[in-house]
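Both of the next two complexes hold chain A, though its partner changes from chain B to chain C.
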Partner chain A sequence: MRKYLFQRIIYMLITLFIIVTATFFLMKMMPGSPFNNLGGKMTDEQRVLLEAKYGLDQPLPVQYFKYMTGMVQGDFGVSFQYNNRPVTDIILDRIGPSAHLGAQALIIGSILGVILGMIAAIKHNTWIDYGSNIIAVLGISIPSFVFAGLLQYYLAVKLQLFPVSFWEGPIYTVLPTIALMIFPMAICARFMRTEMLEVLGSDYIELARAKGVKNSSIMFRHAMRNALIPVVTVLGPMTVSLMTGTLVIEQIFAIPGIGEQFVLSISTSDYPVIMGTTILFAVLFVVVILIVDLLYGLIDPRIRLQGGKN
Partner chain B sequence: MDKESNNLHENKFQRVHVKEELSEELARPQLSFWKDAWIRLLKNKGAITGLILIVVILLLAFIGPFLNSYGMNDENYDAAYLPPKVKGLEWLGFDGISTIEVQGTSVDDAITRGLEGYEIDKEFVLDSTVIEEPNGDDIEYFKVSLDVDMYAANGLEDQYFWFGTDNMGRDLWTRIWEGTRISLYIGVLAAMIDMVVGVLYGGISGYYGGRTDNVMQRIIEVLSGIPNLVVVILMIMILKPGLLAITIALTITGWIGMARIVRGQVLKLKNQEFVLAARTLGANDKRILMKHLIPNVMSVIVINTMFTIPSAIFFESFLSFIGLGLQPPHASLGSLIDTAFDDYRVYPYMLLFPAVIISLLMIGFNILADGLRDALDPKMRR
Partner chain C sequence: MKSKWLYLLLVTLFTMTLVACGSGNDDSAQDNGAADDTSEEKVLNISSPSDIPTLDPIMTEDNVSTQWIDTIYEGLYRQAPGGEIVSGIAKIEETEVSEDGLTYTFHLREDAKWANGDPVTAHDFVYGWQRATDPANGSFYGNYLMSGKIKNATEIFAGDMAPEELGVKAADDYTFVVELEVPIPYFDSYVINSNFLPAHKEFVEEQGDKFSLSPDSILSNGPFKLTEWKADNGWTVEKNEDYWDAENVALDAINVKVIKETNTALSNYEVGDLDRVTLSGSQVNENRTNPEFMSLTESSVFYVKLNQESTEKSEYMQNVNFRKAIAKGFDKQAYIDVAYGNDSVPVDTLVPYEFVQHPESGEDFQTGNEALAYDVEAAQEFWNKAKEELGFEEVSVSFLSGDSDVAKKVSEVMKTELEKNLPGLTLETVNVPWAQQLDLMRSGDYELAVSGWGPDYKDAISFVDIFVTGGENNDVGYSNEEYDALVKAAKTELFNDPVKRFESLQQAEDILLEEAGIAPIMQRKTSVLSKSYVKGLEKMNPFGNNYSFKYVDIQK
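Presenting the complex of A and B:
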């Protein structure tokens, strides 16, 4: 176990190193400079001064080295856009709404998904089962931004049940959370249904029935617990979908989160912010995958983790 | 008793398996694997619905733009923001009538202001209803909704824009189907490239094993740690946004899943007797891999490719939505949705049609892929 953990962390660091390096050099290759936008308003002298101020006139390897040493110390440079605000500040400032929304969508989505999948499996081949299947297919198929748009139009603009946008209280989180949680919910429901069906057909459930255990007890204490184990594996794809989702959902609902900032920074070529956010996403992703793998090994001792073999 | 046993004479019995020559014959007509799978697929109602959906959308994507006389980029500023209108379908809401909301200090003031703002003559207002009246406050505030025949107001009674027009007066029917074609093209192309790269990579890695496998697997392990989203966004930013950039970005990490699956299958198959037989007969590595192993993995490859197409379509529209996708005047479903978002509160039809089509397309591909998986590989049911 310890050897496995060690090995995984080494791979994780290599991956992160490659991501950071690639991000840095790709950023530098990008067309356009942050000072292009000012056009004719700036003389060449001013441009040189500005570039010197932000260290953009130094050779690439020097810039790279400076960035890497800064990053290890938690310093991602300063934004070009907001009067020298440190990137770390900007990210910390905006991580709140994103984390709130993400956690809310993840928790509600997976709980609802598990319940939906369980009911579908218990009522196998009835209209409840078909209904939950249809919900799952819709949730997986309909792009989150389309869903968000439709929700916003019908529930907020037409029926005026919820505020259209912004982030000013619990009621403002309802629509974005629904839009964001639909995919995790659908994946969870699907997975739970298959696992539950498999568990319900197994010998120990039959034995429990033969012993005369109450039906509800069979469902919750025997079946659900065992069916839940493999559902942990969908946490990976769920995190990815949440990351992708926040980019568009935050934009649609005008939520001051990281995703909205990221899209904004892309359009203004604010390199340091883009790089900082990319690295944050990458770290989040890699860490979640590692946790999922470890969790899986802990919960289900039958799965032996050995040297990263599939 | 005795009499009865006498009745059961040997002659009265007939041996069942007596026709030796027929015992080798099969009762049912022999079906190839693919034919069998096809029959199983046809029995799956969901999968067939998906298939029909895809075929209909595919047909419309190709012939749709030719069904009316408007071109992809025919701008006509007189016809900007016209709602959908179809001859014979007026009762379904395709009547060319827009509902606009106007505000003012009195009902009349609201209407005059609104008509001035939208540059519409009063005679084209078919109906008006007051939505909001001042409720006890001192503020004189009226909100009135007007039903306006936009086609008549713009002097275009003889025109029919089936899905309406956009901000530049371009016909949305044509643009939406052209956009669908591009979305489909990107999805299929990306899936094909993923398939080729993934199958080769996974096949070679699994077949040769040993050190080759080890090195190739470590590369995959590092690559798969990189979030797809990040790679795609970075690639799009350094390449010029467009068809090529999107395709490259989508395929740069997209093949990993396929490579892993193919490798696993090849590892399982390569020690079986038929491979040994082929080798004994003198087949070389390339022949064994291409003629014996890959065909046996084909069902898994098909299933995986079918799941890649909708995810590629989704990613393309996602990129277009955040402004990194196709650039105007080109259009894909994603970029149409993106433009529609600017003023969908006033012109909801602009968002509705592309949103419905992309959803139907995704649903179609997803349920067809599910059905294919059940038909080709019942053990893989998840």
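Presenting the complex of A and C:
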């Protein structure tokens, strides 16, 4: 296990290095300069001055080397669009709300989804099953911003049960969480139902039944565990995309999250912020993938994590 | 069996951490009580489409930064609503100008203070202006505004002189003297820009790289002070009781929330979280009958650039009839309706309406030359003449635009209109991201493109100067000797003759329009809903900061 972990971490570092390097050079190939975003008022001499100030006049390999040395020491540079503001501040200020909201939506959504899927499978071909199927199909096919808009209009503007927007306390998270959790809930319900049906029809469940094992024990100890494997697989990447902010939901509820910052930094060629956010997303991604792999072993003992044995 | 419990434990731990994370955000929940005014407090609640990019006065390039820097700082003069220039730290009625218009002496009031109690002196202005010209600071607007105007600024930006050699000095603590390289007849409105604000040397140097990044790293001297600023969430300014003119500042505080989605902002206004909201797109027509609806005139104009130095189509683009046909060949109202759906006004001219007035009669600069008015018949006549002169039956011209929704609609409406009205024309629309669009325009690699211009000071030359031969912002390649001469005269020998100068700028604009150097489209308007108790926001300023919050009041 320890050996396996060590190996995985080495691979993760290599992956990150490749991502950072590729992003750095691809980013520099984007058309446009970070300093001309306000129309035609800037002259060439002014641009040269600014490029010198931020070291953009140096050859690319030099810039790359400087960036990497800085990065290793924890210095991610300063933003261009937010004059002089350190990139770490920009990210730390915004990741909190995004992660909070994403985690809340993911946990509630996946738990509800798993329950919904299980009930649907157990009550196969009854109105409960059809009902949960309809919910799942709607949840997958209707985009979250439509839910967000409807929730906001009816519950906040018309009934005034919740605040319209902003990020000032738990009550403010209710509507965006509901809007965000619909999709993970629907996905989990779909996977869970399909897998459960398959598992419930398998031989070992029959055997357990024949042996007179209690129904609840069959469901939770034997069936659910196996049915969870595909759910965990899809939950991994979904965790990252939910926790790194969802642009549209953040905009609709005026949440100061990181989702929009990433898009904005690209459209304004704010190189240090693009790099900072890319690194953050990449790190989260590889870590989540590792966690998912470790979870497999916990859920299903047949999947053993054995590193370097062969 | 064991692993199942481990799994459950993991999930529980995960959930608990999240709950713990969540509670960290609760501290500001009680802030919201400010909206319902039980006391006499006058608090204005508004929204902003973005966070403040910077509050360093010399680094601002955008509307949001400019607006809030103006609100917390005060320079020599200040802009009252509607654009009147009034006394700030300097007493405007006491300012002395030398005969040749090259030396300005400002007399500062002695009761103005920084937020830490230090007096605001002429030395602070000297330092603030020098700071704006120091190339190490990289102020874009400082360079744009001061080069060639304030003595030695060009050399300082080029690195050939030290910032200390800038033509400004403190004759004594309260007398600030500025030397110019050329006379600037619009100097009063020119010094409104935030690059001309004073700076507290000791404080700025002590803060170093952190200057202006948080309320603690700002030392201001204006009618309000920044008390709270949360990234992408919002900020609060409170009345500065130590401001020299505090008795004339009505508001106690302004709460600003960052709301990027316009429908959200409107919903917030409807439930009473905001006192004022800016409308966009279809919201304008949907709310037109609301008694709280207002459309405010801006001094921004939009026009089609007709690139006369285009690499591929220059022979066409240099033909005046070809250009006139294009300029007159599209319905400007249709353009506004399709692309914006707001109250912007179609115009046939460059200098905005309600921007500058005749120095004696007070009449508007803009007399409404109709040479480039939309007129299909006339456009087709010019089009046929161009076809004859250039000997073509069919031609395709590219139209450069952005990749936003509005920009794509602009491309569509221009293509529909021009192809319908000018037989034989094909408009190839090119939609690229904004940064790339600017690159293409700068390198002259386009044929038609839409551009806008907002003034930096209250003078028609802010617009007319764009299209002089070789002008640094003239990327349409327009060139006319007579035009150049008129603009040059306005910049030099006519500085002391405001009437003649005004007229020569009017003539220059006429020449540009008669020759279809550009194809004007519209002057922008902003539509808002504003509660009736909000006073002093009925007009937008013609340049610089959009609103002057010093003069805003709430009367319930």
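Everything below uses one rule, namely that the second predicted complex is superposed on the first by the 242 of 310 C-alpha atoms of A that agree within 3 Å, B and C clash if a C-alpha of one lies under 4 Å from a C-alpha of the other, contacts with A are read in each partner's own complex, and residues count from 1 in each chain.
Note that in this section a residue touches a chain if its C-beta (ideal position, glycine included) is under 8 Å from a C-beta of that chain, and two chains touch if they have at least 3 such contacts.
In this text, all values refer to a predicted model and were calculated from it rather than measured experimentally.
Student: Mind checking chain B and chain C on superposed chain A, clash or fit?
Tutor: clash
Student: Check the residue A:107 against both partner chains and state whether it touches chain B (first), chain C (second), both, or neither.
Tutor: Second partner only, chain C.
Student: Return the chain, chain B or chain C, that is in touch with more residues of chain A.
Tutor: C
Student: Examine A:286 and indicate which partner it touches, taking first as chain B and second as chain C; both and neither are also allowed.
Tutor: In the superposition, A:286 contacts chain B only.
Student: Quick check for you: in the superposed arrangement, does A:196 touch first (chain B), second (chain C), both or neither?
Tutor: The answer is neither, since A:196 touches no partner chain.
Student: Between chain B (first) and chain C (second), which, if any, makes contact with A:251: first, second, both or neither?
Tutor: In the superposition, A:251 touches chain B and chain C alike.
Student: Given the touch rule stated above, what does A:118 touch, chain B (first), chain C (second), both, or neither?
Tutor: In the superposition, A:118 contacts neither chain B nor chain C.
Student: Touch test for A:234: chain B only (first), chain C only (second), both, or neither?
Tutor: A:234: touches no partner chain.
Student: Quick check for you: in the superposed arrangement, does A:178 touch first (chain B), second (chain C), both or neither?
Tutor: neither
Student: Check whether A:267 is in contact with chain B, with chain C, with both or with neither, and answer first, second, both or neither.
Tutor: both
Student: I'd like to know which partner A:53 touches here: chain B for first, chain C for second, both or neither.
Tutor: A:53 sits against chain C, while chain B stays out of touch.
Student: If both complexes are laid over each other on chain A, which piece of chain C (91-99, 145-153 or 289-297) hits chain B?
Tutor: The one stretch of chain C in steric conflict with chain B is 289-297.
Student: Using the superposition on A, tell me which residues of chain A are in contact with chain B and, in the other complex, with chain C.
Tutor: 30-31, 149, 153, 157, 251-252, 267
Student: What residues on chain A touch chain C, complex-wise?
Tutor: Residues of chain A touching chain C: 30-33, 35-43, 45-46, 49-50, 53-54, 78, 81-85, 89-90, 93-94, 96-97, 99-100, 103-104, 107, 149, 152-153, 156-157, 160, 163-171, 173, 221, 225, 251-254, 256-257, 260-261, 267-269, 295, 297-299, 301.
Student: Would you pull the chain A residues touching chain B in the complex into a rising list?
Tutor: Where chain A meets chain B, its residues are 11-12, 14-16, 18-19, 22-23, 26-27, 29-31, 137-138, 140-143, 145-146, 149-150, 153, 157, 190-191, 194, 240, 243-244, 247-248, 251-252, 263, 266-267, 278, 281-282, 285-286, 289, 308, 310.
Student: Which residues of chain B touch chain A once you look at their complex with the stated criterion?
Tutor: 221-222, 225-230, 233-235, 237-238, 240, 260, 264, 310, 314, 317-318, 321-324, 337, 341, 344-345, 348, 351, 355, 358-359, 362-363, 365-367, 370, 381-382
Student: Mind listing the chain C positions that touch chain A in their complex?
Tutor: Listed in rising order, the residues are 3-4, 6-7, 10, 14-15, 18, 21-22, 24-26, 28-29, 31-32, 51, 53-54, 56, 59, 61-62, 135-136, 138, 140, 143-144, 157-158, 209, 211-213, 230-234, 257-261, 263-264, 267-268, 270-271, 273, 432-436, 438-439, 441-442, 451-453, 472-473, 475.
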